[in-house]
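Note that the chains are named A, B, C and D in the order they appear, and that numbering of residues resets to 1 at the start of each chain.
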Amino acid sequence: MVGQWFIKMLNKHPMFKVTAVTSSSKAGLRYDKSTKWLLGSDVPTNLKGIILSDSNPKSIDADIVFSSLPSHVAGEIESEFAREGFLVISKASYYRMKPDIPLVIPEVNFDHMTLVNAQKRRRGWDGAIVTDPNCTTSILALSLKPLHDLLGLNKIVVTTMQSVSGAGYPGVPSYDIVDNIIPYIPGEEDKLRSELKKIFGKVKGEFIEESRVNVIASCTRVPVLDGHLESVYIESEAEAGLKDVIDALRSFKGLPQELKLPSAPEQPIVVREEIDRPQPRLDRMTGTVPGMSVVVGRVRKVGSKSFSFFVLGHNLIRGAAGSAVLLAELLVKEGYVR
Amino acid sequence: MVGQWFIKMLNKHPMFKVTAVTSSSKAGLRYDKSTKWLLGSDVPTNLKGIILSDSNPKSIDADIVFSSLPSHVAGEIESEFAREGFLVISKASYYRMKPDIPLVIPEVNFDHMTLVNAQKRRRGWDGAIVTDPNCTTSILALSLKPLHDLLGLNKIVVTTMQSVSGAGYPGVPSYDIVDNIIPYIPGEEDKLRSELKKIFGKVKGEFIEESRVNVIASCTRVPVLDGHLESVYIESEAEAGLKDVIDALRSFKGLPQELKLPSAPEQPIVVREEIDRPQPRLDRMTGTVPGMSVVVGRVRKVGSKSFSFFVLGHNLIRGAAGSAVLLAELLVKEGYVR
Amino acid sequence: MVGQWFIKMLNKHPMFKVTAVTSSSKAGLRYDKSTKWLLGSDVPTNLKGIILSDSNPKSIDADIVFSSLPSHVAGEIESEFAREGFLVISKASYYRMKPDIPLVIPEVNFDHMTLVNAQKRRRGWDGAIVTDPNCTTSILALSLKPLHDLLGLNKIVVTTMQSVSGAGYPGVPSYDIVDNIIPYIPGEEDKLRSELKKIFGKVKGEFIEESRVNVIASCTRVPVLDGHLESVYIESEAEAGLKDVIDALRSFKGLPQELKLPSAPEQPIVVREEIDRPQPRLDRMTGTVPGMSVVVGRVRKVGSKSFSFFVLGHNLIRGAAGSAVLLAELLVKEGYVR
Amino acid sequence: MVGQWFIKMLNKHPMFKVTAVTSSSKAGLRYDKSTKWLLGSDVPTNLKGIILSDSNPKSIDADIVFSSLPSHVAGEIESEFAREGFLVISKASYYRMKPDIPLVIPEVNFDHMTLVNAQKRRRGWDGAIVTDPNCTTSILALSLKPLHDLLGLNKIVVTTMQSVSGAGYPGVPSYDIVDNIIPYIPGEEDKLRSELKKIFGKVKGEFIEESRVNVIASCTRVPVLDGHLESVYIESEAEAGLKDVIDALRSFKGLPQELKLPSAPEQPIVVREEIDRPQPRLDRMTGTVPGMSVVVGRVRKVGSKSFSFFVLGHNLIRGAAGSAVLLAELLVKEGYVR
């Protein structure tokens, strides 16, 4: 499903042109004939007729490779592409926690890109691998960034309510989820914890010193198609008033906003004031670039140094394909692509 | 919907006989002809033909009155019944937080019943009002009781995922909840906080001294028919190992279990070991009396004095009608009904 | 909900400008403050601040009035507007079956507009009322039009699977429809039958002679947000091959297509070839004007003079607001509005 | 899922004892450790510890074999068991349409069992294979039986709305069915047509002469967990009044009812009078043996010789495991098992 959103977002993109779509098992077939298209009525016209290639770096002509491979094959294939000089932007979890691989959210920690020099040198690669966090992490980390800057976060207690598209396709059997919730997603709580600590970490020479924030996560699967909702409680170092916190969220901008990148929403964080928002179905397509803003609501001060709120993001756009495309745009602007 | 579960649980009850079902707006009509029965195919045979009475204490012959009135009318009607000598067991929120009204979960704080003496004296009532907590509170408080006894709770951070039946009928419009979650339930977070503090409070003479536990609640509505799932994080006074905590939950019994009351499940708290439980649809009817056990799962030690877990309970049975019927059984056994 | 789609479709419309939105119960309030907006994140910017007016023709300055009033008040209010010279395009069922009121689908029976002369004369109105069919009828009738032209329909057996938005808001309680289907919609089967017979009827002087087609309808409500799916079986006068039938559906165009009206989709009927389409979620927004095409699939020849197929349409767009706006465009072009 | 219902219905059965549960891929494992139990909280106590055997007739000690094998392996394995003398009752589709294999619904066409003699003789088997129809067929055929007897059916137009459990597990991906309907189920319409014609056929010597009834079927998948709802239109040879038709449905009894078999519901067909029934969630567990009655509602006379109605049945009980167990009981009583 992430792959299909890549197709959708890169179709008619102002900076990028899709030169190849690879799938080793379907190489040689037409994209629209070999794919069960899941995102509404039809495959985007421009890419419908493209012939799938083998995932072989020798036969691909491109500057950037977007990977949404399953983790167990990503390790090998992505490194082959990096070795051959491609800049690989990966949604796979395989390399995310390796010390020399940047794990980057464009608005949050683009300074981690400095890891790439050490990565190339040590691994002897002409290209490089940059990773995109897990969808749940991306959404949460973006909403926490201005709070971390303002208050210094000590503890985060989060319960997620994640949509079925987060499990891919076919993913969650309908018999498991109609009239039900599953209070467990394999590996998700660990990813949320370790990725957050890396993203909020600081560059120390050639490595990232992890943040010491304490993360307690409980992840659930809910009968929602798209959009992850997260119920967040934080404890902070410093005190602040509710208004200051809301202002910090609302006025937050990152490098992509300053550079006015094509996939950058004007506001990465939209704060809603209605008492019953954000809601997945109503708010998942929020943003001047639809689905690229996260939506925060019900911000409450619940202690002298503690706050609660809900954050929602589209797991396949801000949490995956959109975030990776935005990162690619930023990498081009900042000179990482020759 | 609570009223229908009362009908279902009191039909053929070994200790009680339904002598009247009241509804001022439908007095004189047959129950099955004037009610849209929502709980499966048919109204229980025994009570199907009962003629609805006016909610007038003078015309009712009974010892115990179960009330599931809307809060705005409960205040007056329940006090009329109490004045006339009835023991009123109320699911309405109107009297719950009044200082002389016990707010009781049979297994948790039956000792709060001592408030009744002061209540009768001051209000000059022959009867009395005893209240049952909000469904979300009942389920959570029951699961916390053994932990509070073992560890002493300082802080509770809870995110609830509540079923649509908790909103009554017609309740939540389908257009609001299909493929969606609503991150707000009017009044619910306040009830959860204040009721928990009262339930875990201590009797001091004629009043309850509230517990000082800090409760941070975030309540959501999810597309599930029955069963409230709660994601719980606690911080405690004392330390304990994970095994001790699980043992405390699993071995917990209250007065209803000792007395082997008809509606008392053998285990009020069932702990499941599967990594992906409890689930609302699979587990809401748990218990030797179906729906009367809460189900705890995924108990995790997340800090030296902090734990996380999920708890699930059937909001209309353990969270409402079943809990009230169990309380009535206990009140009879303990001599509160002449 | 139909009213909200009117707002959405008329916001920035190339031919129309909204001069007033009326609601007698909310007159004087700002639209966005007094309406629970149900169609995604926000009220369209242009109309958000409009102040609601009383439904009084004297105080309204407009040429066309779109009405989505409940049937029981539509009779009186719509006639007041017609008397005062407005052209009323009504989604209400009140006038649909009156002999002098046209019941029109723009692509199907615009010739029925001749009734308007008799209507004005007899009723002494300066304006007129034109009605739009029930959503289920609109979708079905559009798909049947080319088949009726080609084959002559004798019998139609239809089972509908209608979305919850068809019941308005709050509409269907979630407790009734999650994990369920309701095999009955009040009044719907009668409307489908009688409206189809009128729409396929022929103008005879000042009245419509109803079609003699035999319609057997079974209407159900399903847990789908938007989009009515209909399973159709027809028996015809003439014989034809499957290919001819599909060609007739696919090549069908009406007056709105010839005139290239702004709300006219290029193809009013889109025929899909996949074995498992149309599906409500994937196909309800089909059309060059999204939601204005109906989608037909699984056309099968099941007897020498009988065919089966499925048709899907967006009940609030092609079945309601969109169809009414398209009709208004057509009325303007054809000179019915001074 | 059918297999799990077999376990549930045969646990503590008054006539049968489960001696073996076979699964070639899991042979040697404990049932409860190797199965994801889908039917509520826990595996039935009696069978939870049973060790799975290989599907090898030599190592099994039993009189009756219930098979819910996938069709592509059923052909071989079932014939091996039949050859070795077992009476195989099969839910698989492989043998259903073979001319010498009875396709039997206990209340409808038990006389087709005479095929078994020819089957044994020709195939040289000691045992035999008897098949149970597809779930959709079972439910429909049972409801049609009294109508066929009363009126003589010429034509049946049916649209089904089938639950996700009918697709097995994992079955339908949740991303395909939430807020959606899929208007196609592979093979289902053909099965419905051909199986109905066989079931309503007549024994002619050693074969069945198929019924000449014309069946037009359109099958859909809906977001319902259990229970298939079918919208039925029939045309008949003879005329009858609505009351006679309803009486025929309501008073219908078959051999299992006369013999008071343990899995026979008192009324195989329950007719409900409410205007909005049957509904899957409310009515799927209907019957004195829950789930074994089909529920008919909204019976309408729509022409001199045509009627419409809805029928609902639990696809896994009356449509599968329950029907097979009832057939086994009948076969024992009628002497087919030594």
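Throughout what follows, a contact is a pair of C-beta atoms (placed from the backbone, for glycine too) under 8 Å apart; a residue touches a chain by one contact, two chains touch by 3 or more.
For clarity, every value in this text was computed on a predicted model and none was experimentally measured.
Novice: Could you tell me which pair, C-D or B-C, is linked by more C-beta pairs in contact?
Specialist: Output for the comparison: C-D.
Novice: By mean C-alpha position, what chain is farthest away from subunit D?
Specialist: A
Novice: Which whole number of Å gives the spacing of the CA centres of subunit C and subunit D?
Specialist: Result: the chain centres lie 41 Å from each other.
Novice: In angstrom, rounded to a whole number, how far apart do the mean CA points of subunit B and subunit C lie?
Specialist: The computed centroid separation for subunit B versus subunit C comes out at 48 Å.
Novice: Subunit C: which residues touch two or more other chains?
Specialist: Residue numbers touching two or more other chains: 178-179, 223-225, 282.
Novice: Residue numbers of subunit C touching subunit A in their complex, please.
Specialist: 40-41, 178-179, 282-283, 285-286
Novice: Using the touch definition from the top, list the residues of subunit A that touch subunit D in their complex.
Specialist: 1, 38, 164-165, 169-179, 223-225
Novice: Per the contact definition, I'd like the list of subunit A residues that touch subunit B in the complex.
Specialist: Listed in rising order, the residues of subunit A that touch subunit B are 157, 159, 161, 179-184, 214, 216, 218, 220, 222-225, 229, 231, 233, 275-282, 297-298, 302-303, 306, 308, 310.
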